[in-house]
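Below: one structure, written as structure tokens.
Read from first to last, the chains carry the letters A, B, C, D, E and F; within each, the first residue is number 1.
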Amino acid sequence: MGLTALCPGTFDPATNGHLDIIERAARRFDAVVVGVLDNPAKRPLFTAEERVQILKEATAGLPNVQVAAFSGLLVDAARQVGADVVVKGLRAVTDFEAEIQMAQMNRALAGVETLFMTTSPEWSFLSSSLVKEVARFGGDVSALVPPGVPERLRERLGGGA
Amino acid sequence: MGLTALCPGTFDPATNGHLDIIERAARRFDAVVVGVLDNPAKRPLFTAEERVQILKEATAGLPNVQVAAFSGLLVDAARQVGADVVVKGLRAVTDFEAEIQMAQMNRALAGVETLFMTTSPEWSFLSSSLVKEVARFGGDVSALVPPGVPERLRERLGGGA
Amino acid sequence: MGLTALCPGTFDPATNGHLDIIERAARRFDAVVVGVLDNPAKRPLFTAEERVQILKEATAGLPNVQVAAFSGLLVDAARQVGADVVVKGLRAVTDFEAEIQMAQMNRALAGVETLFMTTSPEWSFLSSSLVKEVARFGGDVSALVPPGVPERLRERLGGGA
Amino acid sequence: MGLTALCPGTFDPATNGHLDIIERAARRFDAVVVGVLDNPAKRPLFTAEERVQILKEATAGLPNVQVAAFSGLLVDAARQVGADVVVKGLRAVTDFEAEIQMAQMNRALAGVETLFMTTSPEWSFLSSSLVKEVARFGGDVSALVPPGVPERLRERLGGGA
Amino acid sequence: MGLTALCPGTFDPATNGHLDIIERAARRFDAVVVGVLDNPAKRPLFTAEERVQILKEATAGLPNVQVAAFSGLLVDAARQVGADVVVKGLRAVTDFEAEIQMAQMNRALAGVETLFMTTSPEWSFLSSSLVKEVARFGGDVSALVPPGVPERLRERLGGGA
Amino acid sequence: MGLTALCPGTFDPATNGHLDIIERAARRFDAVVVGVLDNPAKRPLFTAEERVQILKEATAGLPNVQVAAFSGLLVDAARQVGADVVVKGLRAVTDFEAEIQMAQMNRALAGVETLFMTTSPEWSFLSSSLVKEVARFGGDVSALVPPGVPERLRERLGGGA
């Protein structure tokens, strides 16, 4: 029948851990929509447009992946893009608990089913926050994020290296 | 001898999960005082008075339950209302760890004993924060909170339907 | 393209929690194969044939669900039934950790991807072991397992009620 | 009205951590019944009678505490002794998860409410299994268990010291 | 060869739990450098200089311990002070997860190895945040922090007692 | 002064995850003793001698590493080999809790300090049990264990390939 998966997140910025989940979802589902949450209240470092652009570049080689910004409730976004399921990566136990509560809520509210993939071990320590903290003090993050992101981080944060 | 239990929280706003704990405590203990933490530093959506009012309406049918605001240390509130024990609901592991530290501290400081109840499974995914986030974007939360709360959330947040 | 999901487990016996995951998987995937692990070393209460039979009865109304026993490695079973993904339910944090290790191993060994669903809150406290322990002492488990299972438990365990 | 608490466990043997929970429960509740689970399938080191005897000696100074063996379901024991609540100590997260499932099950089966106390920090690393393992190799456990237990462990295990 | 350990933290203010880790590290390693993170973005209650001063007084009796402020990346601080390893205390599971991610990142970035000690049970409920919250409302924290800290907290917070 | 670290375990058999911890400990400490727990009650697949032999081969290139079997209490083994600290790897939260209890016990019993390293992400899913289970059904584990182990597993388990 053809399943569409929505991969939602803040992606501020996208890391290799995010890309790993997106690529694995793209291999299993017919279509993947990467949904970039546009939530100015969270004060992201990059605008939603920039975050969408980074992900478009990083997923250019994956023909069944689309990237779009969304605001508001995840369940509304899932309905708009016609997603059959939400797909998310899980790294750690504290992730798991917050995510499980969100997933139960989304199912109770709108019947939206969330499927979790385990983050690949090599990226299990990685988060957008850690990347930004390292970059802020001039650390080299090029092994942790897609090409193009280190330059953008330097520009935005004015760090060294 | 008659045991009085203090059920403390921010209750911003009260959810059906909170009510479930309060009702179960009221069935086991002689008296229950619901203590609404008045902590403006946490920037609650509702004032302490509004939160007390919501809980008074929701517990109107429980004769041995009282609702009051308190500020300052929990151990002082427990002493003031003559509570023998503090009763709290636990949902998740991360809850558990923060709560266990608070409970050990309260016992070390003032001999106040905390008893934990497990949140009913049907509300284990529920939190005041999730309720506010859903309401903010116009989602329907009427199955998740006591009567009267959805209207107040709409008023305060200006959301849709 | 049509995705086939393998739902593996010991199912000794199947509970309403298992059925909930199977039904939800059947709604999202084209085909679901319930794989009953035939591992005599675990000394199950019911034979693999009995466990398959219970699940066949319980899923009789789901046309895209099949039930089969398997022994050996999960990744081999996935290959045999042509499963694109493995689907499992997650209840708790300790589940999560054991499952995440198994999932990483299965992906490392054979590229088999595991997708996790969150168990419905009302069954989050339920396990086959708890059901057997309750039944062993004559407790009533009819609200926790599919029809037919309470009788089988009584027969096997010789309990009361 | 007078609340009776049931403190259940295997107590093989009782440790200072168990005693800490029993004493704290005895201070808050009108009556405490320590329920020693008589489950030969668990192959305890001490018989149920020995475990009851150890606890009777250790709680001799607590007039509102009784000790009794029980077999079968916890909810039946609670009913028999007229317990209003079950009281248990929690040490760690994995404890918490197993206990929460048991508590939900007991409430679903028979309306039995479980209240959890946090184990005192100084005993948070302590378990009957660790005590037995240390004693088995001649380690000194006298600071970890009530008087009388080290002798009994030596007798049973034939260890040194 | 002589191992130098870096014990990093915000120490706002140092607690008896921090001191316990520092003292135990000083007993095992040749030299210990306590690194006070100077991160104004975290809005500490005490300046980095005050936090260094508190720790210097509290560790005055430990000849192989030095205290210094650092800003920027931990891996750079480790390099500057010639630390062979980073030593940290772990209290709880949520600590553990955040710390494990940080440790993996520091090893991936710069080969810096982190060794974790378990916080002594009697301080396992203790955190600088809890201390500040208690002090803010006039609670007595003198049993929880090194001498000199209660006065400084009173001065800064203007609390009672 | 020269620190000696004891790396204890059952190592049935050693995996690449164990080797990773041993190698990293050997880089930081002056001497490392790998202590193979000889506990027949755990019914290991390989004898203590075989497990020591596997580790000797796998650590042949590390001049400051020794391998020895021990029985009885870890704290006695630490004393015998003159170890200043115990060093262990941590993979997951449930590991963490069991390990923290053991570490607190060993410190309370005999002042033995345990230092934990985080297992490298690529081995975080790996355990001796999983390796044995995979090997038992003919799966290829050569990427997960030191050279020589796959042959020994095949011999012992009579598996395929």
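Note that in this section contacts are C-beta pairs under 8 Å (C-beta built on N, C-alpha and C of every residue); 3 or more make two chains touch, one makes a residue touch a chain.
Keep in mind it's a predicted model, so treat the numbers as computed, not measured.
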Chain F and chain E - chains in contact with each: A, D
Contacts common to chain A and chain C (chain labels): B, F
Maximum centroid distance from chain C, chain identifier (CA atoms): E
Chain pair among A-B, A-F or A-C whose interface repeats that of E-F, sharing over half of the contact pairs by residue number: A-C
Cα superposition angle of chain A on its copy chain F, in degrees to the nearest 5: 180
Classification of the chain B:chain C interface as same or different, half of numbers criterion: same
Chain B-chain D separation of Cα centroids, rounded to whole Å: 31
Intercentroid distance (Cα basis), chain D paired with chain A, Å: 47
Multi-chain contact sites of chain F, meaning residues that touch two or more partners: 93-94, 97, 100, 103-104, 121, 124-125
Every chain pair in contact, whichever chains are involved: A-B, A-C, A-E, A-F, B-C, B-D, B-E, C-D, C-F, D-E, D-F, E-F
Residues of chain B that touch chain D when the two form their complex: 1-3, 24, 27-30, 84-85, 87, 90, 93, 96-97, 100, 103-104, 107, 113-118, 120-121
Interfacial residue positions of chain D with respect to chain C in the complex: 72-73, 75-76, 93-94, 97-98, 100-105, 108-109
Sites on chain E touched by chain D in the complex: 93, 121-125
Of chain A, residues touching chain E in the complex: 91-94, 124-127, 130, 134, 137-140, 143-144
